[in-house]
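Chain naming follows the written order as A, B, C and D, and within any one chain the residues start at number 1.
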Amino acid sequence: MSSSALEEELTTEYEDWTNLFLPRTAQILKSTPLTATDTLHRLRFQNGDIGDYKPGQFVMVSMLGIGEVPISICSSPTHIGGFELCVRSAGTVTQAINELNAGALVPIRGPYGRGFSTEKMVGHDVMIIAGGIGLAPMRSLIQYLLDQRSQYGEIWILFGAKRPGEVLFQDEVLSWSSRPDIHFLMTVDIANRAWRGNVGPVTSLFHYVKVDPHNTCAAVCGPPVMYRPVLRELQHLELPDAQMFFSFERRMKCGLGKCGHCLINGHYCCKEGPVLSYAEIRELPEAM
Amino acid sequence: MVEAMEYRVLLKKDIRVWVEWLMGKGELHAPVAKSASHPQYQFEKISQPDTVCLDYATTILPPKQCVQPVRETLIRFDRVANQFTLSDQVPERRLHIIFGIHTCDIHAFNFLNTVMRDGNADTQFLARSANTAIIGLRCRQHCDDKSFCESMGTNEPPDTGYDILMTDIGDRYFLELATERAAKLVDDLSCIPHTGDEDVVKWRQMLADSKKNFDRRLSINIEELPAYCEANYHSPMWDVIGKKCVACGSCTLVCPTCYCFDIRDELDMSLQGGERYRVWDSCQLGEFAAVAGGVNFRRDRRDRQRHRVHRKVKYPKERYNLFACVGCGRCSRACIADIQMLDILRQLGAKSHEFQRT
Amino acid sequence: MKPKVAFFSFSSCEGCQLQALNLEDQLLSLLDIIEIVNFREAIDDKLENYDIAFVEGSISRYSDIPELIKIRNTAKVLVAFGSCSSQAGINAIRNRLRPEEANAMVYGDRAAWVETGHAKGIDEFVKVDYYLNGCPMDRREFIRLVKAAASGIPFIIPKLPVCTECKLRGNVCILEDRNTLCLGAVTLGGCNAICPAYGHPCVGCRGILPDANIEGMAELLRHHGASDLEIEHLYAMYNYGRISLLTARAASR
Amino acid sequence: MHGAVQLNIHHVTRVEGHGNITVNVRDGEIEECRLEIVESPRFFEVMLQGRSYRDAAHITSRICGICSVGHTTASIRATESALGIEPTEQTLLLRKLILHGETLQSHILHIYFLAAPDFLGAPSVIPLARTHTDVVLRALRLKKLANDLCDLIGGRSVHPVAMMPGGFTSVPTIAGLQEVRARLEAAMADMVATAELFATLDIPKFERETEYISLKRPDEYAFYDGELYSSDTGIHPVSHYRRLTNEQVVQRSTAKHAHANRDSFAVGALARYNNNFDRLNPFAKEIADEMSLPVPCFNPFMTTAAQVVECAHAVADGIALIDELIGRGVQPEPLVQSARLDGQGIGAVEVPRGILYHDYQYADGRITRANCIIPTGQNVANIEADMRFLVPQILDKPEAEIAQNLEMLVRAYDPCISCSAHMLDVKFVGKSEGEQS
């Protein structure tokens, strides 16, 4: 037998597979600072489209030499001609992203994860509860719902910001608040003199909410401390577990369900999440 | 027991000949002693056939490193001004041979392959794994008082996942050839003849004898472990363990089924090129689950230890119907704080009974 | 523009500067990306204008402080270079005595001639941007820092303990194997566990990890036969005053 | 011609540590001529007090990063002699080998990085990289070899990790030794080239005979151990080292001066060369010949030439030591345990800049008294004497040139000032017992 017999047997099958870690190149079309720490970037992949995705899904954005971070897509898939990311400077990578301007090239992987189940929301009333930067993924959902407004029942938006000046997407927020087909409620933690609205945590807005729980889906995203109180309110409204959706944030390295950083008990936040229904996480003590 | 395709024997004195021949076929990894005088072992790439030591109890690091290197380049990049090029890293097409691996570690490889195939297939791992020939070695007793493979059912080989299995039957090894590749791994080497009847008899005797050497160390029903974990989620046992644990990460780094990694970037001296690589990580380290802004989802060592145990005997059981713990005992050996897996599993069992009674 | 780099040294053995000079393989390519303008150990020029300052050594007398402040005010990036600078290192062992006592012990009746105080890390006086811990500092980490600084990106030392790197090297654990008291579990890694790799225990030269389990560590060292004094001396080698030795002691009771 | 010169050189460059030169000449008379050591004191005696014998070498290694192997060796030898530890033959060979590594690395650093720029008219080695690329590459090659040799045996060249009282905690592999041996072999050509380069340099003509002190052994060029030898008074036992150092505290300088038979004496490469020339190996003698270095030589500027000779010796003897190690095989050995826990011991070792003494007193395995005497401290008085002798000869030169000449003279001694921030003989009377309980 020839000595190379073993070598001939070597599998080449995997070599044709794409490297999961290889990003595609996107270009920044426009960068708009929203607040002192948040910037909205509009991007487009250089070759090809971002592809189909659901509100709530995220991409892995690279700063070569520094690192890679998960960022939610904050524009709706119904909007064509690119996608938007809203980035808060929270550390080394996010800072570097926010220093980029129009024209800059950015390596991006994704979209990844499971977004909001918009099919399930069809024909239902939808409650959107967002806190702070949590508005970014929610904006995608809101845009999506509004683009197909007729398919959904009542839309409630409950939004909490730290201070009046720290509100993201101010123009859009303004337009939502003035639309007759949306119940828009907003609150701030710390008011200033000009603020006429509600003061208190986002849960303080539930007081104004009237929904038919069985026909309502809720979507929640915000800082970690927000989840439990909001859950309690939703349970109080008696929403079914399978109709409450939470978008979670965890440390992520690969985004592919391998590196282990994002596990919520046994669930990969990147793959089975970041959006999970309460029915799925009810038994997971680490979720909230 | 799965019937092998073919049986052969190899005189112990001829091991060297075979090892040397195999070295010519691919990259051979086998256990070697850490130092001439030291009874601790490590899987290493063999360059001197004499260094192979089949008479080893266990190794410090698992053979996982032969397929998943500690540090592995994922992509390379080159950046000039606002331009960059990215290139992926295709794993080298090469035959790897892992020689003398114990059955528990073969089980562990099977587990890793399952995980890496699940969902987004990890091509780098799978490509290397597919081109790795496994030449296993049946154990004749527990490695030491830390192992409990018999309880996890891993002192017997799995149905698949190896090419050849060796059994020490005195002056020679009995070889079970399980795959087509196996035949090529022994070729028609004169030192590896077909077996005579008395070899087979002796081998069967040896298997029967070995069975008796494995005492049952975990008297709980392991199928119930996920439920026991659940029942003990808030048990004070985790506080006790968390107090002892110094979060050195050793238990996970030596585990043959752990696969968590970190991803980092590093620039070349040119400051233009660079690579993104992954490196073994441990869920026991403080920053593992920390996110920007100071929130850490597993801040307490207690929570991290519980997470580790659940990742061994609860989550994978629920997801793949497999245990990620193969009972090799490496974590217990490596733990400087004397946290013992066997103890933890016993406690889970015992406490659950209490729990269920009350 | 290549960043201008300067080296300064206070109370130290100058081994960290030597470590930088010992980068024979990379020295020339290093000079392609930075310009060294002040390095008394190796060059004559002393430019008063630099971007990155590597400051070696502890501060142990008042007369050093103005110079340190001047360096801080000049440099855009200030790096604490080595253990002496990062955490007062070995110099801090003497802090268990009052400065006058230490002085008298060494210089006898001529003690008054000598000006000295307790040895302190430089961050007790100025803001430090990056730390290159270690006694001596690690050359690969130094290169990594220079590359990061030269390309204007942040430098991060992963918060791993020495044990992690020790394991990844496949070392035999000398604490388990030889009962050698080793601080690897609570010490910031990055040195690639060089000491245990050569059979010598880790003595914590890179500093204790922020969330280290000091009590648990003391307990297990005791379990390995360490006395109070030994534990104290082990911690006091490089981390004098950084952790409460009394806590460690009491906890193990 | 200047009747008056006032020079204040603040922080002499290209030396290890901080030193100032002060020269004050009025009416052709030297009023002041000083080399001040302005490092802050380090208090190693205080650090050592009460410490276990296992910690002593680790701590004292940090006296000086440049000769950390030397400090480690001297410390270990003091401890071993105090506690009755007899290291094995293999340990001795490894220690001698790593000392060669350090001598080579330190001398090459001095020859090429610190001294050569003076002679090649450059402010540092950096511009030489462009003008004399081959020279710089050779320097880097030799230095890397020296460091790799130290890494191989000690784990690290600066503050070695594997050296302990009683032996090594880790030993090199035969393959590692073979690899370094091949490079040492190749380095012989580099040493010849170094000597050739040196022969072309214009070394100041200056001679002042002084007392030369070094270790001496009948059978080898002493580095690791030996008896004390003075060119004036001959052999002395190491235990009499105090008489040959005579330290005294000098104000404003944290190191102190030393003298033996005369007002000052020299230690270091030139002293060793003068005292032990006949024990050099043939290759080193050839190199000396190549540079026409006389025996004895009274020109302190020639210290650098003596260093070149010692590098050649280290290379050739390093090969011999490796051959011996490979021949006998290198095995991990347990550390030799101490025979007793009380006692006093001295370790005298030739480090690149001269004799280094560590002297410890132990009680119950812990240090109660420590004294370390560093070579540069021993040389300072002699450097000042040289300066006093040199200044009148160059007084008619421009001040900048005088300054440069004096800096070169100081640098020729390769002073290591960081470690000279010194150690004095201190007795911890009665205190230690209280501390230990």
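Some notes on this structure:
As a working rule, a contact is a pair of C-beta atoms (placed from the backbone, for glycine too) under 8 Å apart; a residue touches a chain by one contact, two chains touch by 3 or more.
Remember, it's a predicted structure, so these values are computed and weren't measured experimentally.
Shared contact partners of subunit B and subunit D, listed by label: C.
Each of A-C and A-B has its own count of C-beta contacts, and the greater count is at A-B.
In terms of Cα centroid distance from the overall Cα mean, chain C ranks first. For the pair subunit A and subunit C, the distance between mean C-alpha positions equals 42 Å.
Rounded to whole angstrom, the centroid-to-centroid distance between subunit B and subunit C, based on C-alpha atoms, equals 37 Å. Per-chain CA centroids place subunit C at a distance of 25 Å from subunit D. Counting partners per residue, subunit C has 151 as the residues that reach two or more other chains.
Shared interface positions of subunit B, defined as residues touching 2 or more other chains, are 38, 262, 264, 266-267. Contact with two or more other chains is made by residues 65-66 of subunit A.
Of all residues in subunit B, those touching subunit C in their complex are 34, 38, 40, 42, 60-61, 70, 243-250, 253-254, 262, 264, 266-267, 269, 271, 280, 282, 285-287, 301, 333-334, 336-338. Against subunit B, the residues of subunit A that register as touching in their complex are 1, 3, 5-7, 9-15, 17-23, 25, 62, 64-68, 90-91, 94, 103-105, 107, 224, 249-251, 253-254, 256-261, 263-266, 271, 285-286. Here subunit D touches subunit C in the complex through residues 11, 13-18, 39-43, 45-47, 49, 51-52, 55, 58-59, 62-66, 68, 105, 109, 113-114, 117, 123-126, 129, 136, 140-141, 143-144, 147, 154-159, 161-162, 164, 168-170, 249, 251-252, 254, 418-419, 421, 423-424, 426, 428, 436, going by the rule given at the top. Taken together, the subunit C residues at the contact with subunit D in this complex read 9-19, 21-22, 24-25, 27-28, 31, 36, 39-46, 60-61, 64, 89-91, 93-94, 97, 102-103, 105-108, 110, 113-116, 135-136, 194-195, 197-200, 203, 229-230, 233, 237. Residues 26, 29-30, 32-33, 143-144, 147-148, 150-151, 158-161, 163-164, 167-168, 170-173, 175-177, 184-186, 209-213, 215-217, 219-220, 223 of subunit C are the ones touching subunit B in the complex.
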